[in-house]
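The two complexes that follow have chain A in common; it is paired with chain B in the first and with chain C in the second.
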Partner chain A sequence: MEYFNLDSGAISQEVVVQNRQGLHLRPAAKIVKAVANMNCQVKIRKDNKVANAKSIMSVTTLIATKGTVLTIEANGPDAAVAVAKLVKLFDDKFEEN
Partner chain B sequence: MTGNESHMRIFQGKIGSPGIAVGLAYLVDRGKIRIPMRMVMPEMVLLEKKRFGDAIGLSQQQLTSAMGRDLSEDHRQILEAHIAWIEDQYMIEEVERLIENDHINAEWAAKKLFDGLKATLASESKGTRDERSQLFDEVCQRIMRNLMGIQQDTLDAVPENVILVAHALSPGDMAHFDRSRIIGMATDIGGPTNHASILARGMELPGVVGLEHIASEVKSGDLIIIDGLEGKVIVKPTLRIVDQYQQRLALFEEKETRLLEIKDAPALTRSGELIKIQANLEFIEEIRVMRKHGVKDIGLFRSEFIFLLKGGIATEEEQYEVYSKLLQEMEPDCAVTIRTLDLGSDKLTEDMNAPDETNPAMGLRAIRFCLEREDIFKDQLRALLRASVYGKLRIMFPMISSLGELRKAKHILDEVRQELEFEGIDYADNIDVGIMIEVPSAVVIADVLAEEVDFFSIGTNDLIQYTLAVDRSNEHVSHIFKSTHSAILRLIKQTVDAASAAGIDVSMCGEMAGDVQMTMLLIGLGVRSFSTNPAQALHVKQLVRMIDASDAVEYAQKAIRMNVCGHMARFIKEEMTERFPEIFKDFAWTI
Partner chain C sequence: MIGIVLVAHGGLGKEFINTASVILGSELKAAVGVSVDAMDDPELVTPKIEKAIKDADQGQGVLIFTDMFGGSPSHLALHFLRSGHIDVISGVNLPMLLEAFLERENANLTDLVQSIKTRGQESISLASEDLSR
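Coming up: the complex of A and B.
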């Protein structure tokens, strides 16, 4: 995975996985769906592992269980919107029900 | 004839979903594709990539067309996850990279990628069974099949009117189901509480599970019969058997159609009493069936199935999810009566530290277990109270045998209320609290108990078992288990009388409540509310609408004086056949 500079226009924010299942099948699909068409790169970092938020394969294999602290990083014109969208998904616990 | 006969085989399994189906088998041959693995020449790499791209495109088409159907939320989410995988550029690039760098064909490359992903998952999720690895398999298999030009049998494109036969059907498979094309299902593994069975019941799809090796014994195109009433499958039946089943099926369907005509009619007796008919539910998926049969209230939700499905103690959150969803699904003012955990030590899983009991029916179960394990009980009550804001919840304690027990249970409920208040968590303040009447001692002190609860619900199965001291599953004594014992009817009458004297609600939720052989007798004894399996509700309603209440009282008075079960049974049969021949002529009596 390539890294990108957190220069101007890049945003990062920490989130905690709060939903019971963790970044499971459906939450992962929701993440990808939320940012798929955004004009920016979006990454989710767990310790030294980085997942591309536009790839379900990448997000699913990040293995983030409930309580895990993650950092969302976005770079590009839509970065702010993308981060806000993802933060909301995490905060809403992916509307698991 | 003899030629046919020698081929007929009967497989005994478990009832997954009741009903009958006669039709051709469609074998869902999962996990048995042999994946061709070969090296490719450098000049063929481009072609392999193109093959892979085409398979992805085809997969996309299949999934998108499956999305167009009317799907449940759960199914839709599973499909969306499949689509997200198929459209994942990184997955595609990774496979292309493997084709190019390792000089292998597309099938091999895809297999390599997915095997690697599964290994990552397995090492990091510490061996716990995972929905994700199942999804990997399904996505990978779809790609393989499309690569190899094998027709998808992911149920998107099955022929019409077939019976699915499979080793196992996953929730993912079920998501692809086009219910209108499939008339039945049979699987090697699974029991009544596995996901496929539950979904099948929700779709009213006749199914038999736990058949062990049906998938290897049946070929697509074989004529088979699903007997979801007796839990068996007949492969290559003789013409005579087919005839029999087709008649049974036609009769079954004709009755159903006729019954559905009164789905929205009120359950009014001929003499004008309104009888309440509610449903007994075990799974949220059954709400659809309940609605189809015109039932609006849940008279008994067996909460232990959340635990049984999980195979362990369900957390507060897990329970809250189910309860709140249940309540949200109801129409306004329609009640959901949830019975607290009614697990016996016989059903406890390892992680509940089951004590060894020689007589579990009389042991540490239901409310006794809950009072012993206050932690589990409180989690459940918290989940119930939190969910109560979404509708009309009624809480019911099972197996109450003394006033002390009831008070203890209510005391714990009060404690939980206070805890929630302290935490600032909302709950409804009008929750009715009631008890199951299923232990004879509770009937004897019904007048006392009635003073401290909002409702009674008579559980006839246990009431009979405890009153007559008969274990119904013990074949040596099961013939003594009789609803026509006058002691049982007297106990029911006593309970109903105590409830009406105290002005509280009384309902019946045991098997007897759905047994039309007993309906008129029960109405004669004063029962005005029944909670039955969704499929039985209309049968009861149909009969209720023919009954005259004063006639029922007279009839019940006569019946209850028959002190020999056999006499009472004969009396019931004669009277019912005479009064309602359209229902009871050629009836399969079980009393």
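Coming up: the complex of A and C.
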């Protein structure tokens, strides 16, 4: 999976939910904490549903189980760092299993 | 950082904070739960709330959550309402509490309480409506 530019400063990347329990509350909290203070908008897309990655309620509404493909989209000065941080969280299975 | 005080019946307040701490993966600073039992003398509970507010206050304001508007914890907490510095949200649920902990670092109290109230209401979901779309 590669980064690609959507428009000026916008970055998007696909990830797969790999941890057994999916995006439950603890992984969602890790996502929010990773990007909360970053100077960019961060969204996570599942089909037609779009969640604000800075809101735990919004992230959990995606109901993303193991194997779900999601797209992270970020726009703003910290977009690249934010996407990289989230990709690492998904790749590390949120330090679960 | 905005301090958070949770005033609720029985052990609810402290358990909400414990549960939020487990989910967020860290010990929560400036967060205090106050237990109110049905037979408690209000004159004994009020100083406990006052101390909790003092302990939670970091200078940027304190948000008091209570379990239910109209209940004793709520009645007692409302006495501490102070425009711009202490506000009270009744009917706490876990999503709104988590959002408050995640956003309180750089927020101001007036904006935070409006956002948390709205999102607490939006967090209530009826499965037969919301999952069948």
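We take it that the second predicted complex is superposed on the first by the 90 of 97 C-alpha atoms of A that agree within 3 Å, B and C clash if a C-alpha of one lies under 4 Å from a C-alpha of the other, contacts with A are read in each partner's own complex, and residues count from 1 in each chain.
Keep this in mind: a residue touches a chain if its C-beta (ideal position, glycine included) is under 8 Å from a C-beta of that chain, and two chains touch if they have at least 3 such contacts.
The structure presented is a predicted model; accordingly, all values stated were derived computationally and were not measured.
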Q: Using the superposition described at the top, determine whether chain B or chain C touches more residues of chain A.
A: B
Q.
One more residue to check, A:Glu96. First (chain B), second (chain C), both or neither?
A. first
Q: Kindly classify A:Arg26 by the partners it touches after superposition: chain B alone (first), chain C alone (second), both, or neither?
A: both
**Q.** Which superposed partner A:Ala10 touches (first chain B, second chain C, both, neither)
**A.** neither
Q) Which holds for A:Asn52: it touches chain B only (first), chain C only (second), both, or neither? A) first
(Q) According to the stated criteria, A:Ala84 is in contact with first (chain B), second (chain C), both, or neither; which is it? (A) neither
Q: Identify the partner contact of A:Asn37: answer first if only chain B is touched, second if only chain C is, both if each is, neither if none is.
A: second
(Q) By the touch definition above, which chain A residues appear in both interfaces, chain B in one complex and chain C in the other? (A) 25-26, 29, 32-33, 55-57, 60, 63
Q) What residues of chain A sit close enough to touch chain B in their complex? A) 20, 24-26, 28-29, 32-33, 52, 54-58, 60-61, 63, 96-97
Q) Which of the residues in chain A come into contact with chain C in the complex? A) 25-26, 29-30, 32-33, 36-37, 55-57, 60, 63
Q) Quick one: in the complex, what on chain C touches chain A? A) 22-25, 95, 98-99, 102-103, 105-106, 119, 122-123, 131
Q: Enumerate the contact residues on chain B facing chain A in the complex.
A: 77-78, 80-81, 84-85, 88-91, 94, 117, 120-121, 124-125, 131-132, 135, 315, 317-318, 321, 324-325
